[in-house]
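Here subunit A shows up in two complexes: once beside subunit B, once beside subunit C.
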Partner chain A sequence: MMEKTEMIGDKDISVERTGAEARKLNFKNELCGSCGICEKICPVDAIEVNPTGAMVRTEQESSKLEIDENKCVLCGMCSCICPYDALDLEIKGKTIKESDEYPHLLKSSEIDEDKCIYCKACETACPPGAITIARELPDRSKLVSGEIEIDKETCIKCGVCEEMCPAEAIELDYKFPTSDDPTIASNINIDKDKCVYCLVCKKACPVDAIKGVCRLCSYGDYDIKAEDAEIKGSSDINEEVCVNCGWCKDICPVEGIKVTKPFEGTVDINQESCQGCETCVMACPCNAISFPETEEMGGISEKIHIDEKYCIYCGACEKACPVDAIDVKRTKIHSTPVKSKSWEKAFESIKN
Partner chain B sequence: MTIGLVIYPELCHGCGNCVVACPINSLRSPEVAGGKGPTEDVDMVMMVDDGVIDLKNPNHCGKCGTCVESCPVNAIRLEQVEETE
Partner chain C sequence: MCFKYTSIYKHFYIIFDDNYIYIEYISVINTHGVHMPKHIISGLKYLAAVELRKKGRNQREIAAELDMDRSTVSHYLNGRNVSWNSIEIATVIRNTCPKDFLALTYALIKDKDKTRTIIKTCLDKKYDCKVKTSCIGCGICVDACMMNSIVLDDLKAQIDPYWCCGCLICGEMCPTNSIEIKEVKNDGENRDDR
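After this line comes the complex of A and B, so read on.
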């Protein structure tokens, strides 16, 4: 007995067919880039992508796409071509993305741990927030060297040094002055773990009660061990969330990231038709589109600029543009071999 | 069901932000692109008529949401509507 059901949980969708070869198509709304490639490749027109602009600019209760469970034949084409991994077909509980029988897109982003200096530039730039850099900074007290002392007899407990200390290493124990002990603080202490021997306190002290010296300034950093200055860490790219846009690769100061994009192609903008509505800027999952600044005051620049360095030619911008000013052409699909003729034709159909 | 442009005239203040913001309108009319209302009914998606928003050619709407963002009183929205051919 065969049965097809569609379940919509939150905004995710799954279409399921039970029977000898159980198939289940899962759609994850959060990962979807609204590019419409699935809609294009679907051989039975079962997928309809909701208007991209409406989805990214306004609050909508519906999912980014609709799957007609009466039309869907669970063939898996959409799952194999989706550049955002938002669609996934499972056969007998196993995803076809791991099966050699089905073609899959060759796309990846990898951080070379040997090169990574944990600067976090990629983490900040990553459009979908797929990168996590965890770093452990060196112990600051091991990177400074010096001596500092307060002559408590001379000190008038004015608190100037405490207020000025950039490392918050000085602390006074304030109290109310009494006739018995007419001072405003009972003690003053310097935390040697926090002190960086900048000597601001020494210079600021109105009664010259602080003696100090920075050994690094006087003799150089000979007594600092190189291993104490080492920054340890780990980097991680969440493969599911990553869109392989190349931002991380481009921004990395040590050329430590390798990115393979799923498609090659071209993007053309009709600057005359463009009305600068910003829909494409908001729709682009790769942050590849921006409003350029003019080179000089009063100059005229392009209305929008697409940096193909970051573009994966998914076509979300073209789909979002209300005045058809953007033309995305895919010229090459990086995938593992497509074994069937009909699939080959389908893959060709998303080139244009 | 599909997502389409819906207006709420009872909320509209007639400011015309949406008319000017709409990229389809501004592409079709130089007056609108310049920040002015259209001089005559030149196939605008929406227009302010007698102080109140009116959908003229909703079928031309590109569903980009620019008007929705520009409306200060939430009187124009992209919502689920019955499909009309």
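After this line comes the complex of A and C, so read on.
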């Protein structure tokens, strides 16, 4: 028989319908951008997005949206249109995102491993923290060339070289002097794996006990192999967390990232009615909005700055703005073919 | 963790709430003197057997289709082993609207497949089943249809008129009012178009 249940676990919600064709709608609060597209597309008005401003400004007990299980018919429209993949409908345990029958947003972000130099700029810039760059740096000792030696007879174990060595390559074994062995250190060693032959120690040594030479300028090209300088690594974008905002693509110095955004559109901020309250800045899941920097006192030309390079036209800012100063228009939805007329109409309805 | 629960069938208690059906039985029993729902089932099976016989099936085929002994079929067709009261009540049930016929039969038999067979055999009405383009493919009708006559194709419901019994439960549950089912006369003319 057909039964409907709603589970609310922490802030995640799931609505389930049993029957011959068991359906389950899962909402992941963590991924939700509070953009309200689901609320707009729902054909039975079962979804209500909680006030974004309150959600982003204070720690809230409730979920970012409410699903009325008495109204929800588990059609899956919200799941197909959500740009943040926060909603997912499963039919017979299988997500409709993998089914050809349902339309999917065409959105992706990919790092070209051949181009990536593992600089970690994208990892730092990524608003939802979806990127992980793991890199393995070359052996420092293979990138330098030289010779160094300490004349232990001349050395007075004063420790000046140890204190000055920028690579922390020199170590003295200090000890308390005894009548039997009246020295302050038993030994001094240079770690050749750490030494970069800068020769600071040689110049600083008060008794000229250190002999050394750097060969980098004269023989560097012969001594150092190109493959030893190579940086190895791997990059990963967590698809579930990624919002396809384009920050990584824009910040990448080698143009190694391709991003396809789910929507095309425009954003307009009414600078006159904007009160500069910062709610949109906090609400934007794509970090596309900021307060402009001023060069001189009183030199602000706009209250809020938005860069559409990073915008996916989700409309979270428009929804959050308390004075309706933001207007987000979606003009195009990138999706796989929509086969049903009513779905086509629903997809059209979120354009404006 | 909080837990909410509702049944979307709550207004169809007649199908799923055994107590309610039981109350129905009592009124039937008092007026007709029948003591067990089993007897009414026998009456329904008798009606189905007679229908199948009219369609030219032999006793073996009828027995297989209705999941009965061949000898019972033989007795039924000869008017034995089944009380006229049971047949009378079964006829009353058959003559109720398709939704009630379906609901009462399922409440008595409690088996979806056997219910389908009885309904399909005893009802020879034809239906014109249309699904409008406003259908969103939510699948509620697929799960609701006791006759298993609905499938989803490209996010749109498709109703097989062969199996449709005209109960209209699908249309009542449809969130977008996309289902239109009309009875057609045997000559194919739509009854509502007269």
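Note that in this section the second predicted complex is superposed on the first by the 348 of 352 C-alpha atoms of A that agree within 3 Å, B and C clash if a C-alpha of one lies under 4 Å from a C-alpha of the other, contacts with A are read in each partner's own complex, and residues count from 1 in each chain.
The definition used in the following text is that contacts are C-beta pairs under 8 Å (C-beta built on N, C-alpha and C of every residue); 3 or more make two chains touch, one makes a residue touch a chain.
Source: prediction; values computed, not measured.
Of the two partner chains placed by the overlay, neither subunit B nor subunit C lies in contact with A:154. Shared-chain residue A:301: touches no atom of subunit B or subunit C. Contacts of A:75 after superposition on the shared chain: subunit C is touched, whereas subunit B is not. Contacts of A:320 after superposition: subunit B is touched, whereas subunit C is not reached. Once the two complexes are laid over each other on the shared chain, residue contacts for A:124 go to neither subunit B nor subunit C. Of the two partner chains placed by superposition, only subunit B is touched by A:275; subunit C is not.
In the superposition on chain A, A:260 contacts neither subunit B nor subunit C. Of the two partners, subunit B and subunit C, it is C that touches more residues of subunit A. By the touch criterion defined above, A:352 lies against neither subunit B nor subunit C after alignment on the C-alpha atoms of chain A. Here subunit B touches subunit A in the complex through residues 1, 3, 21, 23-24, 26-27, 33, 61-66, 68-69, 77-78, 80, going by the rule given at the top. Residue ranges on subunit A touching subunit C, taken from their complex, read 1-9, 17, 19-21, 23, 43-44, 69-70, 73-77, 91, 101-102, 339-343, 346.
On the subunit A side of its complex with subunit B, the touching residues are 50-51, 53-54, 56-58, 60-62, 273, 275-279, 320-323. Across the complex, subunit A is touched by residues 1-9, 16, 133-140, 142-144, 148, 152, 154-156, 175-176, 178 of subunit C.
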